[in-house]
Amino acid sequence: MADIETKLNSGIPEGPLAEKWTNYKSHVRVVNPNNKRKLDIIVVGTGLAGASAAATLGELGYNVKVFCISDSPRRAHSIAAQGGINAAKNYQNDNDSVYRLFYDTIKGGDYRAREANVYRLAEVSNLIIDKCVAQGVPFAREYGGLLANRSFGGAQVSRTFYARGQTGQQLLLGAYASLNRQIAAGKVKSYVRREMLDLVVIDGKARGIICRNLVTGEIERYGAHAVVLATGGYGNTYFLSTNAMNCNCSAALQCYRKGAYFANPCFVQIHPTCIPVHGEQQSKLTLMSESLRNDGRIWVPKKLEDVEKLRKKQIKPSQIPEEDRDYYLERRYPAFGNLVPRDVASRAAKERCDAGYGVNETGLAVFLDFAEPIKRLGRKVIEERYGNLFQMYEKITDVNPYEEPMQIFPAIHYTMGGIWVDYSLMTTIPGLYALGEANFSDHGGNRLGASALMQGLADGYYVLPYTIGDYLSHEILTPKIDTNHPAFKEAEDAVKAKIEKVFKVKGSQPVDALHKKLGNIMWEYVGMARNEAGLKKALGLIEEVRKEYETDVKVPGENNEFNQELEKAVRFGDFLDMAKLITLDALNRGESCGGHFREESQTEEGEAKRDDEHYMYVSAWEYRGEKEEPALHKEPLNYEEVKLSTRNYKD
Amino acid sequence: MFLLVFVALHLALNLAAVVSADLYRQACEFMDTNILVKIMVPVLALGFIVHILFSIFVEFKNWTGRPAEMRYAVPCKTKVSSWASKNMFVLGVIVVLFLVLHFTHFWMHMQLQSFLGKEGTDPYQLVVNTFSNPVICVLYIVWFAAIYFHISHGFWSAFQSIGLNNSKWLPRLQFLAKLYAICVFLGFTLIPVYFLCCKCCCCAGSC
Amino acid sequence: MKFTLKIWRQKNAKAKGRFETYQVEGISPDTSFLEMLDILNEKLVREGKEPVAFDHDCREGICGMCSLYVNGRAHGPDDDVTTCQLHCRKFHDGDTITIEPWRSAAFPVIKDLVVNRGAFDQILQAGGFINIGGIVPDANAIPISKVDADESMDAAACIGCGACVATCKNGSAMLFVAARVSSLAKLPQGRVEAARRAKAMVAKMDELGFGACSNTQACEAECPKGVSIAHIARLNREFLLAKVQD
């Protein structure tokens, strides 16, 4: 593995932390309205980041083309975010501030995020709430008519705004409404059921994309002066995750192959409160919102004999007396209790299950109990707060959570890693931007709850619209991008060849069967706990699956039609490369940090041990060809404002 | 809405016949000469025609909303508010067909004659004669049943369609609709039944 | 569990479709309905046959992508769920299950069980938004009563799946349109252009070939998010008032 010590230019503005964004905005170039009309921008993806960016860019006067793989922009997976969105409004008068939100996010990210980016995020968080309310997002309110808040993991203040358990849906519908407004105004053109399969780079600049029309199978070319990637994360590499079935990393990975560096791929978030796996036929995991940890208490039995009885269904969990329950999060982390960050909660659950206290048939589940809060607050209050989540749980498991505790287990949920971007959200390819989960910039090694929505909307509404102007101000003389340029043809031919290749194999295994194999390898060796031997083994196993994919995959049907198996097969090739990248990065990062836990690096109590001396950098991977290993670039992290410390959620 | 008021008025007047022959004659006389009624008759006719034309238009639109070649293979099993709600058009057609029959029995002999300036038949005698035929009585009762179903949905549906409804009022309106429809059905049914029974009694007496 | 599946197969929008019968066995009652279709598809692929195309994405009942008219009901026999949250335990071992696509003139079939619901996007583009941009007032500047905010949220819960259209005997989109109109009409921010919005969205809905509402309440019964027809009453009110004002 090549290790290049280049200093990536993160373009962080000069000046004190709190003034950086203001300074940047003051000095950055803008494009006048007449010139905006001449400039085209492509936005790929219509989640919170993509939809908000496309809408805002359209509003500013650019010509925007927006692409999504679903039948409508509103289907993007941001819609499934349940709990809420953070903002430093301090409406509760509980001493919240921009600085505190910034500090919590940096600390929650285990000191692997850029200070300047995170501070900016905290700064614009308040504007997001204003914007959403103005769009008609029906946030929860108090009887007095003002906005209500709740607490989330990793914070000691109440700063999370929410709309029942459907905050992501409501925020996305808000962004989608803004998008519709621009579509109606003719500033944005929406392309649905289109999958981006390649990025077109001309003279080193991103100038367009190649898409497959998922209905007709046609390969289409689209040109623009800049391309914005908002295609989400790569969690589905693990097959089972809380991501939607169609979430994939193909667009991002193709940009990586075209020269965009991929940063911190090993930082994968494992969410502690998901419904446990029930069997081999399972297709995806369902998240139960982190907000449940506001009131719910997590426990396993203290006695192994109770565990045995539970597994044999001889007793019900509610029958286990209070003194025989181990509320292990409250025991280990008294200060934060059930509201420790996600990575900590997930590992604690794994620790108990590894010790044999897992409560379901597979031994891979812990309880999330509402008996005490129901008694304290009454069923009606709990129903008001979590009603739809409880209903969802019952529909899936056939267990009534008002009577018996829920069973939960960690699952892959979010990826902090992503395309490397500088302060302006531009990737290492000029003119290519990455937003939201698709980039790596704001969450470091671990994302706090209710921060993904915040980041997606911050990037789309308030960051990119300012920063992209700086780049485009140099492009006002560039004519409309001609899609007959040889670079488009070359990219189109490559895409066609790739599709033909998977058809040609004519093997015996459906894509999903291979994907499940890959998922098992990743969960086993590159999951919640990783070690050198396991990671090396994983690299070998991934190559074995790749061989099967190249020689034995079976894709039925034809290219020139609606063909879901083909879509999956093409995406799977990218998941394989992604799996390798995650594993390489995990192998390189010899410390335990955030969502990345290396067994070699832990304290005697089994807590994660960070190694600031050797690993205080962003690892950015450069693609160097199909046969070559990627090269590692390191962007050192400098902390000027925050004093580094070991994350402590005990006291 | 407007048709609902008409039905209520019609019922009230008709019930007069059950009370006494003179009262009914007075009522008919009143309806024949009152100026307000004279104005309202064309309005009613127009309203009724609009109602019919509009429902034909809507029904056509609804057919095109899911054309014949797109019908489901398995009939819909969704619980709907009532059987009537899915069959309003058919019920409406039945109501209109019987209405034609009804017109030949009464309207042609009463209102039309009066309109032409001729002397109409004695209304009370007309009622007695018409309902002396048990077949006609049965047909009328079938008609009233169709009206019952049509109104039991149409009553609250009318409120809903002009927006005078919400979650609280929905069950109340639906209850009122049922109540109103039952009153209309029972009220109207009483008339043929009463006259038919009367006749039977008379017959029995004379024999 | 074992099922006989009668599934609508249609190669593309222009082709003529027909039902095909398949068998699946060894299904766990805890398997979701779509996972059962995954199993069928995996089997079909292994047998060299074309798998059944169906729309799905989040599989947790919120994205609105899944559809399917199962045994005569939109989203299948369970109440208040989308097809992805329907589980095989709701059926009996050995059942014959008939699966059809949504049927509406405004939702043409793309392939097998996949339909084009682009008409919904078009309706919302006609006016399902608040015309604001740029920098806006502070979020707490306008207090909104909890009751109104809650009612707005009840309507905003709509996921745009199209079950209302699919189950309505008239193929009407009134519940969908009403959900958006009502949600915005309940908030002071949305009141400003409530009249314009109601008119524009209704006009677009009529233009796209959806049927009219005859108040059968079927939409409400099948709506996986329990959106009430009271919102249709509000839409009617907004619409009539707007028309009267003209």
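When the chains are written out, they are named A, B and C in that same order, and each has its own residue count from 1.
The rule is short, and it goes like this: a residue touches a chain if its C-beta (ideal position, glycine included) is under 8 Å from a C-beta of that chain, and two chains touch if they have at least 3 such contacts.
Computed from a predicted model, the values in this text were never measured in an experiment.
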Count the smallest number of chain-to-chain hops linking subunit A with subunit B, moving only between touching chains. 2
Contact counts by the stated rule: is the higher one at B-C or A-C? A-C
By Cα centroid distance, the chain farthest from subunit C is B
Closest to the centroid of all CA atoms, by its own CA mean, is chain C
In whole angstrom, the CA-centroid distance of subunit A from subunit B equals 64
Report the inter-chain centroid distance for subunit B and subunit C in whole angstrom, where each centroid is the mean of the CA atoms. 38
Please compute the C-alpha centroid of subunit A, do the same for subunit C, then give the distance between them in whole Å. 27
Check: subunit B positions touching at least 2 other chains come out as none
Residue numbers in subunit A touching 2 or more other chains? none
Would you mind writing out the residues of subunit A in touch with subunit C in their complex? 59, 70-77, 79-80, 89, 91, 127, 129-147, 163-164, 166, 168-170, 173, 176-178, 180-181, 183-184, 190, 192, 215, 244-246, 278-279, 281-284, 286-287, 391-392, 395-398, 508-510, 512-513, 554, 556-557, 561-562, 564-565
Using the touch rule from the top, collect the residues of subunit C that touch subunit A in their complex. 11-12, 27-28, 30-32, 34-36, 38-39, 41-42, 44-46, 48-51, 53, 55-65, 78, 80-81, 85, 87, 89, 110-111, 114, 116-118, 120-121, 124-140, 142-146, 149-150, 152-153, 156-157, 159-160, 183-184, 186-187, 189-190
Would you tell me which residues of subunit B are touching subunit C in their complex? 58, 61-67, 70-81, 85-86, 88, 153, 156-157, 159-167, 170
Which bits of subunit C are touching subunit B when the two form their complex? 6, 8, 19, 69, 71-74, 77, 98, 100, 103-106, 167-172, 209-218, 221-222, 228-230, 232-241
